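Take this structure first; my questions come after.
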Amino acid sequence: MTKKKLQANGLWLLVMIVGYLAINLLVYTGVVDSFIENMLVTIGINIILATGLNLIIGFSGQFSLGHAGFMAIGAYATGIILQTVPTVGGFVGSIVVGIIIAIIAAIIVGVPTLRLSGDYLAIATMGAAEIIRVVINNMKITNGAAGLFNIPQFATWPVVYVLVCVTTIVIVNFAHSRAGRAIQAIRDDEIAAEAVGVNPTKWKLAAFVLGAATAAIGGSLHASYIQTIAPSDFGIMNSIALLIIVVLGGVGSMTGTFLAAIVLGVLDTVLQSFGTLRMVIYAVALIVIMVFKPSGLLGRYEFSFAHVLNRHKKEDAA
Amino acid sequence: MHTAMQQIINGLSLGSIYALLALGYTMVYGIIKLINFAHGDVYMLGAFWGYFIINKYHVDFIVALLSAMIVTAFAGMLIEYLAYRPLRNSPRITALITAIGVSYFLENGMSYLFGANTRNFPQVVKQHNYTAFGINISNIQLLILVTAIILMVLLQLIIQKTKMGTAMRAVAVDQEAAALVGINPDHVISFTFGLGSALAGAAGVLIGLYYNSIDPLMGMTPGIKAFVAAVVGGIGSVPGAAIGGFLIGLLETGVQAIGLSAYKDAAVYVVLILILIVLPSGLLGKNVKEKV
Amino acid sequence: MSRLLQVEHVSKIFGGLKAVEDVSMHVEEGELVALIGPNGAGKTTLFNALTGVSPATEGSVTFNGVSLDKKKPYQVAKMGIARTFQNIRLFHQLSVRENLQAAMTHRYKEDFVSSILRLPTFTKKEALVNGWTDEILAKLDLSDVGEMITANLPYGTQRRVEIARAVASDPKLIFLDEPAAGMNPEETADLTDLIRRLQSEFGLTVVLIEHDMSLVMNIAERIYVLEHGKLIAEGTPAEIQNNQAVITAYLGGGIHV
């Protein structure tokens, strides 16, 4: 059992390293030009944001529509700090500051609202994110509605790649531990979960806070990669764009979130040449996929080396 | 005192638009538990229909309003038939994403076909301002208020007094049980979409007259505000939606009047969250406790 | 024997309706007590009041010498009271194993860092929890379905899993709310055996709501009878069977047998 888990973990590590080297090679040989690199980075940032949202929605069953608000906190922490401390240290520090503020904000938002159910929670978290945005819109340090420009670029694709790996490991391991079992129990039946000693408020908040923290990381990367941010980048529609990735991939499937982020990223890049028609095609694609695959591309399927190894073992034995 | 009264008049005008929109949200939610994200875009369709028919055929306000209501009613029923009906038994979040897809489709489809620019809504009713006791009120504001109230009274009559209204209430309580006593839920749901969309279409024409400008993205923000109004009122509750709409309208104009217009959206959401913390199902919503 | 549960003058009022009225009862450690009564007598309401799901309006409850008043359901569970539900409430998207382990979260600590980094302390804890789970699965004949998603299991098995989950939370006292509902005679026989084993093998105190009178008379050591929210009788199965008030309650007023 343990040995197989070690093997599986080793395989994952291998995948991460090979992926890194492969992209590096493609960049080096010029197969990946700046256009495609831009697409890869966008996909990476969306994965960071959407896996955190999937933890909240798919695993803890709390319908949050305010993810862009926490992303904004990370983005502005990085934007503001990098303007005074434009160093790698400043960048790392700004990510940490963003995470801390996002955690505090998530606790302030989560404690009163997480007892709301379903759509009421969605609308309350959406409202909270809008309040964050309006506040940023009216502050001096954030330069109001105009936003921040010329943010130094530290979030190159290797940085984004590494952080995609790190946040995914954190979220997936969280979801497959004591905490993960508690939040999934609450998702399936809150009354029964409480009856077996699970404190719903505490665990819902834990998932919400972790999701918010990773959203802040995504925001930091976004700010330092795009180099320009404005409050309008973090509105309701941006939260919804992340929700679309989660639902399209399959609520509760992290593999699905990866797949959906990649599919939508590629689709977006391919459709660039269609001009105004782009969003029409995107909308139709979205409706068609939902109508024909109502539980998302992968449903609740999760790819796992451990399972693959197990299956091989069984087949060998048979 | 005068300014306060003035703001109340302005707030009620804006609020009646939100209320008309919120009614559509709340009816659809009440019956199939779907946040119909495309509802604000149906309102946009109504405004564009009014723009088109007034410019092209020089019809008067009543014709523009009624025809817009008919057109949007059919648009709403068509959207329900094509996009939502196939998902009747799917997870609710899937239907929500589809609704967002429909919203994107309507916004961008209109931009693609007719251009994304803002255009002036034809002033089919000449604006007059009346002053009484130092308060300004325009005939358009009166028209909006009166039309909205007439429509709400009609809606209440339809829901409470007609056979279809009874069927709607039955399906909202229990779709399967309603089907067992001979109600066709598909018809009722379709009718509900038609009714809600007609109100949105009317709101579209009214806002065109009031603000004098329309564009394909005009439904986004009022759509979300109206949804917030429906939630504040207690989603699923028809009178709640009307109250919520007026409340949000008054709040927005009030915050603007005291010089905090930059914070008017934040104020709406603060009130939303406070109301939900105190009353988790809104002002008039039923707080159904799960049976153990 | 020591007193495990003491219920004193508990009432539960919904609006104007007194669903439970001035109920006092007690359960000794290691006992197997049944709570019976006609439909709507307030049995489940009483369970809900005792477990904090829907707190009592009046009265007090003491468990193992500690007051349960104003305790939330999860706190009650941590103190050692587990329950099953009338309409099965499993974590339907999770496997049987995960259902059991979700009930064990308060039995051990696991810190964030070691679980994220899969440190040896994490692996050790998981091995411990898997050990507990395997033991319960084996004892309740559920080893074969351990990895199955509970939503896909047959009804009788789901009931068994719910009891296993309650056991997994390591209780002293277990409330079973109509465990035999919807079961065929064979399944009921298995269940009877299982409830006995909860008492003998797991050392649990059992309080049971049940409509199946043969089951109740067969295993209960003491019976409380509730009607219209009030206790109308208490005694051994033999005493209850001959109690005139109970016979009237069950066969309806006005009819004399």
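Every chain is named by a letter (A, B and C) in the order it is written, and numbering of its residues begins at 1.
Quick note on the criterion: a contact is a pair of C-beta atoms (placed from the backbone, for glycine too) under 8 Å apart; a residue touches a chain by one contact, two chains touch by 3 or more.
For clarity, every value in this text was computed on a predicted model and none was experimentally measured.
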_Joint neighbours of chain C and chain B, given as chain labels_ = A
*What chain sits nearest the middle when you go by CA atom centres?*
A
*asked:* On a C-alpha centroid basis, what's the spacing between chain B and chain C, in Å?
replied: 49
*asked:* What's the distance between the Cα centroids of chain A and chain B, rounded to whole Å?
replied: 33
_Measuring centre to centre with CA averages, how many angstrom lie between chain A and chain C?_
41
*Contacts with two or more other chains, residues of chain C listed in rising order*: 53, 85
*Tell me, which residues of chain B touch at least two other chains?*
292
*Can you list the residues of chain A that touch 2 or more other chains?*
191
*asked:* Taking the touch rule as given, give the residues of chain B at its contact with chain C in the complex, in rising order.
replied: 292
_With touch defined as at the start, can you tell me which chain A residues reach chain C in the complex?_
2, 9, 169-170, 173-174, 177-179, 181-182, 184-185, 187-189, 191-200, 252, 300
*Contact residues on chain A for chain B in the complex?*
57, 63, 112-113, 115-117, 119-120, 122-124, 126-128, 130-131, 134-135, 137-138, 191, 236-237, 240, 243-244, 247-248, 251, 276-277, 279-280, 282-284, 286-287, 290-291, 294-296
*asked:* Can you tell me which positions in chain C touch chain B when the two form their complex?
replied: 44, 48, 53-54, 85-86
*In the complex, go through chain C and note every residue touching chain A.*
51, 53, 72-74, 77-78, 82-83, 85, 89-94, 98-99, 101-103, 105-106, 108, 110, 112, 115-118, 122-123, 125-127, 129, 165-166, 168-169
